[in-house]
Amino acid sequence: MKRFTKETYKKSGMSPGSLIHIGDKKIEQPLISFFNYDEANCMEKQDASMENISPVNTSDLTAWININGIHDAGVIEAIGKHYNIHALTLEDIMHTGQRPKVEEFEDYLYVVIKMLTFEEGQDKIHSEQVSFILGDNFLVSFQENHGDVFDAVRERIRKAKGRIRKKKADYLLYALMDAIVDNYFLILESLGDRIESLEEEMLGTSHQTTLVTLHNIKQELIFFRRQVWHVRDFLNVLEKGDKPFFQESTTLFLRDLHDHTVQVIDAIESYRDLLTGMQDLSLSHTSARMNEVMKILTIISTIFIPITFLAGVYGMNFKLMPEIDKPWAYPAFWLIVIVVILGMVFFFRRKKWL
Amino acid sequence: MKRFTKETYKKSGMSPGSLIHIGDKKIEQPLISFFNYDEANCMEKQDASMENISPVNTSDLTAWININGIHDAGVIEAIGKHYNIHALTLEDIMHTGQRPKVEEFEDYLYVVIKMLTFEEGQDKIHSEQVSFILGDNFLVSFQENHGDVFDAVRERIRKAKGRIRKKKADYLLYALMDAIVDNYFLILESLGDRIESLEEEMLGTSHQTTLVTLHNIKQELIFFRRQVWHVRDFLNVLEKGDKPFFQESTTLFLRDLHDHTVQVIDAIESYRDLLTGMQDLSLSHTSARMNEVMKILTIISTIFIPITFLAGVYGMNFKLMPEIDKPWAYPAFWLIVIVVILGMVFFFRRKKWL
Amino acid sequence: MKRFTKETYKKSGMSPGSLIHIGDKKIEQPLISFFNYDEANCMEKQDASMENISPVNTSDLTAWININGIHDAGVIEAIGKHYNIHALTLEDIMHTGQRPKVEEFEDYLYVVIKMLTFEEGQDKIHSEQVSFILGDNFLVSFQENHGDVFDAVRERIRKAKGRIRKKKADYLLYALMDAIVDNYFLILESLGDRIESLEEEMLGTSHQTTLVTLHNIKQELIFFRRQVWHVRDFLNVLEKGDKPFFQESTTLFLRDLHDHTVQVIDAIESYRDLLTGMQDLSLSHTSARMNEVMKILTIISTIFIPITFLAGVYGMNFKLMPEIDKPWAYPAFWLIVIVVILGMVFFFRRKKWL
Amino acid sequence: MKRFTKETYKKSGMSPGSLIHIGDKKIEQPLISFFNYDEANCMEKQDASMENISPVNTSDLTAWININGIHDAGVIEAIGKHYNIHALTLEDIMHTGQRPKVEEFEDYLYVVIKMLTFEEGQDKIHSEQVSFILGDNFLVSFQENHGDVFDAVRERIRKAKGRIRKKKADYLLYALMDAIVDNYFLILESLGDRIESLEEEMLGTSHQTTLVTLHNIKQELIFFRRQVWHVRDFLNVLEKGDKPFFQESTTLFLRDLHDHTVQVIDAIESYRDLLTGMQDLSLSHTSARMNEVMKILTIISTIFIPITFLAGVYGMNFKLMPEIDKPWAYPAFWLIVIVVILGMVFFFRRKKWL
Amino acid sequence: MKRFTKETYKKSGMSPGSLIHIGDKKIEQPLISFFNYDEANCMEKQDASMENISPVNTSDLTAWININGIHDAGVIEAIGKHYNIHALTLEDIMHTGQRPKVEEFEDYLYVVIKMLTFEEGQDKIHSEQVSFILGDNFLVSFQENHGDVFDAVRERIRKAKGRIRKKKADYLLYALMDAIVDNYFLILESLGDRIESLEEEMLGTSHQTTLVTLHNIKQELIFFRRQVWHVRDFLNVLEKGDKPFFQESTTLFLRDLHDHTVQVIDAIESYRDLLTGMQDLSLSHTSARMNEVMKILTIISTIFIPITFLAGVYGMNFKLMPEIDKPWAYPAFWLIVIVVILGMVFFFRRKKWL
């Protein structure tokens, strides 16, 4: 639940643009690292401090500054001052309850996106907010925590694989977003496997716990869909090429990325339809089973209740029961019992219950 | 229910623009207070009268006139004349059944928005209508009652915190709307907590009362969503910057505010999905429980009805029942009983009922 | 049902523009009345004939001709000729199955709207079609029957209250539509009260009749919503100000009216959501009650069936039942009965049925 | 089912534009008839051959060629050559699975629409495809079978009723489409009557057959709605007046026709809502009835099971049952029985089951 | 499930534009074949190698190169270099999880579409991805496997049937897409037959397996619809004629193709509505049957439980039961039994259970 509100009360009444971290503090000390590269050169620095990154901005190289940890207002403010970032943007960076979005400012483009991971045991999708500031020749990325899906991109920069070193900061932003969206496919797959196993569980005895799991996974899909939906929306805008921070040649890649998000949403929708279908099926299973239970009860009762009555009758102690002394009485009783049973069986056969 | 119609019959047949208060009279005497400030100066007056506010309008300072209590047609009309407000606007101000909206007039912008509060005990969202008249260098706000969410803004004006004293009346309007929307997040949180506790209740024994509460909270969400939806709509229009009463620089803040409303609506939608899921789950719980009840009844009945019949048979008083005198008869009866019971247990095992 | 088709077969195969009245004939004799006014003068004539109204059209005054009764093709045709009205418009006026709409013709604007009334006893919304022909300085209104919601407007014209006498025919049209829409709020309120009382009924014992009523009211809401929806649509178009028959100053009033229809639709939607929620609740109530019934049956059966069997056993007449002669046998029987009962009670306690 | 696919496999793999009839052959021999008229003259010919119609095309009169029977590729091709019709259009004419649509070609406008009839006994809507080729001064109409709804139009042409003889081929097309759409109202009415009678059936004992009928009628409504929906769509386009084959003056009539389709769709939607409501109601009826059945069973069982047990107890043959010899025992037994019954009745009263 | 994700993890972290085949390898060796034709000449080559196809590109003839098998990065890359295809396109060709789409590049148009087949026994729709590269005078098509629906097109090229040899590569692309979409109608028909047989199954005894099949077919329809939906979308764009790779004259054919996809989607929607209706019907059947079962149980129980009690009473061994010795007692007992039975029958008659 908290995932939707992110304890926003800390902020209520604050002046807009106040730098207050909202979210869980997932890391002790903000960690700054940076790349500085063009086609020929590539410099990398882990564990940098604010002073280190100062001069890069003026050079002709592309600079990628990555900050892990967004709870320290001092660091965020320093970077904000360094790159001339609007107070509202800084506030959004520190506030982890953002929806994925793109905002254009005069000097930079601000992009928020969620890095998602699926915890199999818990059937939960965890999200980490990643913010990007895309300027003319630099990209600043903010993550909540250590660990990300960018290692393949880093490797490509280091080893000059693909076209990344030949391109500018806008392509870097694309490459990072691409890594995040590619990771969404992994989640899709985990979810797909989970649903498949649920489907099998269901064909066995439908435990009520299956339905609860199904309900939970549906909620996760709703959360997932909402995240990707917003990403798709802003990629659709970026792809149209009317944003000044993207080169023409990168637009093709954005189109490709947009296409991926459409695929993810398609799959999520399919999963939701499938889960809804499974719920309906489970409901009708339950009611069919109930029907069967009722039938057995009714068959047994309907057969035995009349003949039990008959047995009761001849257990009565009336003095004057003429048939009781007849020798044929007892066999006659059993005859009647058999006739009743056969009649009932015939009746249920005709009703297709047996 | 009344929340949707607000006893509008008082108005039917009136000439449009008639000043009739529609709503509950929540306050005895309208209370006027005002701020008058620029970057250097700040004057504040509580409990002002109409005469006090007369001259401020012509000065270069930004004036914020706040009126608590909207049931007195005389006061509203005086202010209307003072600021040249259209009769239809005055009518809307006094009529508390407005939906949130923005209307542009020649001399001013008219904004209606709802201040919402969540009463935990009652699971009810209460709303108070706030109207704003934004002119060139003044802002008039109308509230139904004492008490609002603007104290933090007032403090910022008094102490010149943030950028509020450097900006004009349009930024003040933004700041006040921001305070109202920020407050929506508090309601979200209360609702989130409430739903979470409901979810736990449900996992225990599903009392029918839980479903009623769930139904009520769903209605509140519908009401809430409707309110925020309209706010989002008009902020979307304002953000586009085509309204003459907002400075370019304020537009960025409106975009931020718009974004907040989108977040609130996202969360409300998620809550609704969640509640619907919970209802479905509760229904399937009920039907699963019924199934279990039926099974127990059927098992017990199916086992005992046949053997009770048998006991009945040998309770009959027929003279000629050959087996009744045999010494092995009674043990044989018990043997049959045990065989029937074991057979039934085996049958139910195979049906996976046991 | 008839409300959707209005016996249209009378028309099939007719040439388009044929003047055939379709609908119930609600009045014997068409009744023409008219107002003729400007700011200074006001002339009123009840029970006018076609000749009376002839000259007014050329004067500078605003003329409002009201016709009650639309079944007489002769009268309609005469007026059509008088004001140069297109045959298709005349056909629509006489055909009471119109949806609310605005149609622009060269010389006039044609507006259809429904006057609605709620019959409390029957839970039915009755509708009467009102057509308006708005020309340069005249307005012709057609009603199906005597009695309308325009008396307040007539009074305002007679007594020169408000701005109506200062304005032209377009404002008059607005005022009349405003009166009709204001009346919608009354229906909303009646519906609101009805739903509230239904909600209370439901909390008591849910009679099946409540569900039928609920179903009926839902149908009425669907009908109501459809009517207002079309009105909202065309007001939205008119408000944009691109229709030549409205003065700029009236546009503000149309915006206000449009806003009212949005409010009505909002309320109707809320009612529908509420009714749907109530239906769901009622369904889950029924199923919860069934569950309870089943539990009681199961508890009673499960306790008594085994001990009844035991009693049956010792009612058997076997010669050789050793325990039957023992003095402790009868108390032992009761002991077993008590143990079974306590065991069952314990079992049901653990299952939380008791 | 076939109605959606129309045995399209006959065509798979064919070159586009191949003239293969797809649909049921409803007529033996194609039948050509034509009208040739202007305001002064009117010539009519039944049972014409291709040679007859050859010269008309060049004259100044309006020509309406009607072909009943579309299975003969030779005839269709001859007409196609005569009027210079694109191969794709000819293919569409012979393929009866078209959706209603308008297609503009260089020399003509191609319109497809469905003539619908409701077979009361079967609750089925049957459809016949009608294609129109509208050229500058001619209209060719293709029907699948004899018999149509155009007789009134033919009569109007013959007797010069209305404005049809004064107008051109575009008005004729309008008049024919108008006749088809007018006929839709008849279907609406039949459906309305059918639903009304179903509603009454339902208030009696809800036979399962009623639900099946309801399901079938819902399918018919879906089919009906789909047909009218497409008609509405293309009329909306035509009405805008941007199609070269319509004169300005006809546009008003198209608007009227468009309005009729909106009314039909409105009514269909209302019917669907109504049917859905009826289904829900029927479901809740069933479950309410089940509840009642269960209550009766439970009341009877709960009262008699305990006292039957008691009777069983005193039917036991234990030697030592002290109370059995007491003279007050039998009356005491009845006393207990009465107390149990009264207690149960009281209990059920309190539960509001009685 | 896999159908939605296509094991995309193989790609995560790769540089965009990497040539990795994703999907099942369905074929051992890629097989290249080509056509080279104009109106006069036609050359065909099966089993061609890359060298064979080299020169064709420069000639004036239309070249159609078809590749079966897309798992060999070497072949794909060679073709990519040959026709100057963007790396992202090559990646998409090898990645079988594409949604149907059109992408415009500077030198060519890239089209992806799915060839679908319905496996009757399994009720499964299988899909094979087909990619097209449309250049100025060439078309390259990529299929996953041998076997396609293009044989009729090949025959038309070989024998110069229809207009295909007179037209360019854009018409060829249309013809191939037309063949694929025509094939969709076959699937529609198989689905229609399947649903019809399900409907009949349902009218008999509703086996739970029918519902599972119904659920599965619904999933297939969702998959089918998604595929056609995307095709319809891009055809709508192509039809508008703003894509440079299509000649004006081909646009008419694209419109026709677009129309076919609309028909397919219409039919799919109808099927879905039908299936949903069948599910509802099946549910209400189940609950009606349960109702009937309950009624029989209740009737039998309610009749026999009271009289069994009575029999129990007179089976008691109380010493002092005055009525037991009376000669009229036993007949009186039977009289009471008959009265009770008749009373019950009368009661159930009045409740319309019998």
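A few notes on this one:
Read from first to last, the chains carry the letters A, B, C, D and E; within each, the first residue is number 1.
Everything below uses one rule, namely that a residue touches a chain if its C-beta (ideal position, glycine included) is under 8 Å from a C-beta of that chain, and two chains touch if they have at least 3 such contacts.
Keep in mind that this is a model prediction, so the values were computed, not measured.
With steps allowed only between chains in touch, the distance from chain B over to chain E comes to 2.
Shared contact partners of chain A and chain C, listed by label: B. The set of chains in contact with chain A as well as chain E is empty.
Look at where the CA atoms of chain C average out and do the same for chain D: the two points lie 26 Å apart. Our note on geometry: chain C versus chain E, Cα centroid distance of 42 Å, whole angstroms. The multi-chain contact residues of chain A, meaning those touching 2 or more other chains, are 287, 290, 294, 297, 301, 305, 308, 312, 315-317, 321.
Taken together, the touching pairs link the chains into one ring where each has two partners.
Passing around the ring starting with chain A, then chain E, and so on, the chain order reads A, E, D, C, B. Chain contact summary for the complex, chain C toward chain B: residues 149, 151-152, 156, 161-164, 175, 178-179, 182-183, 185-186, 188-189, 192-193, 195-196, 252-253, 255-256, 259, 262-263, 266-267, 270-271, 273-274, 277-278, 280-281, 284-285, 287-288, 290-291, 294-295, 297-298, 301-302, 305-306, 308-309, 312-313, 315-321, 352-353. Remark: chain A residues 1-2, 4-5, 7-9, 11-18, 86, 88, 92, 97-99, 101, 103, 105, 205, 208, 211-212, 215, 218-219, 222-223, 226, 279, 282-283, 286-287, 289-290, 293-294, 296-297, 300-301, 304-305, 307-308, 311-312, 314-317, 321, 324-327, 329-330, 333 touch chain B in the complex.
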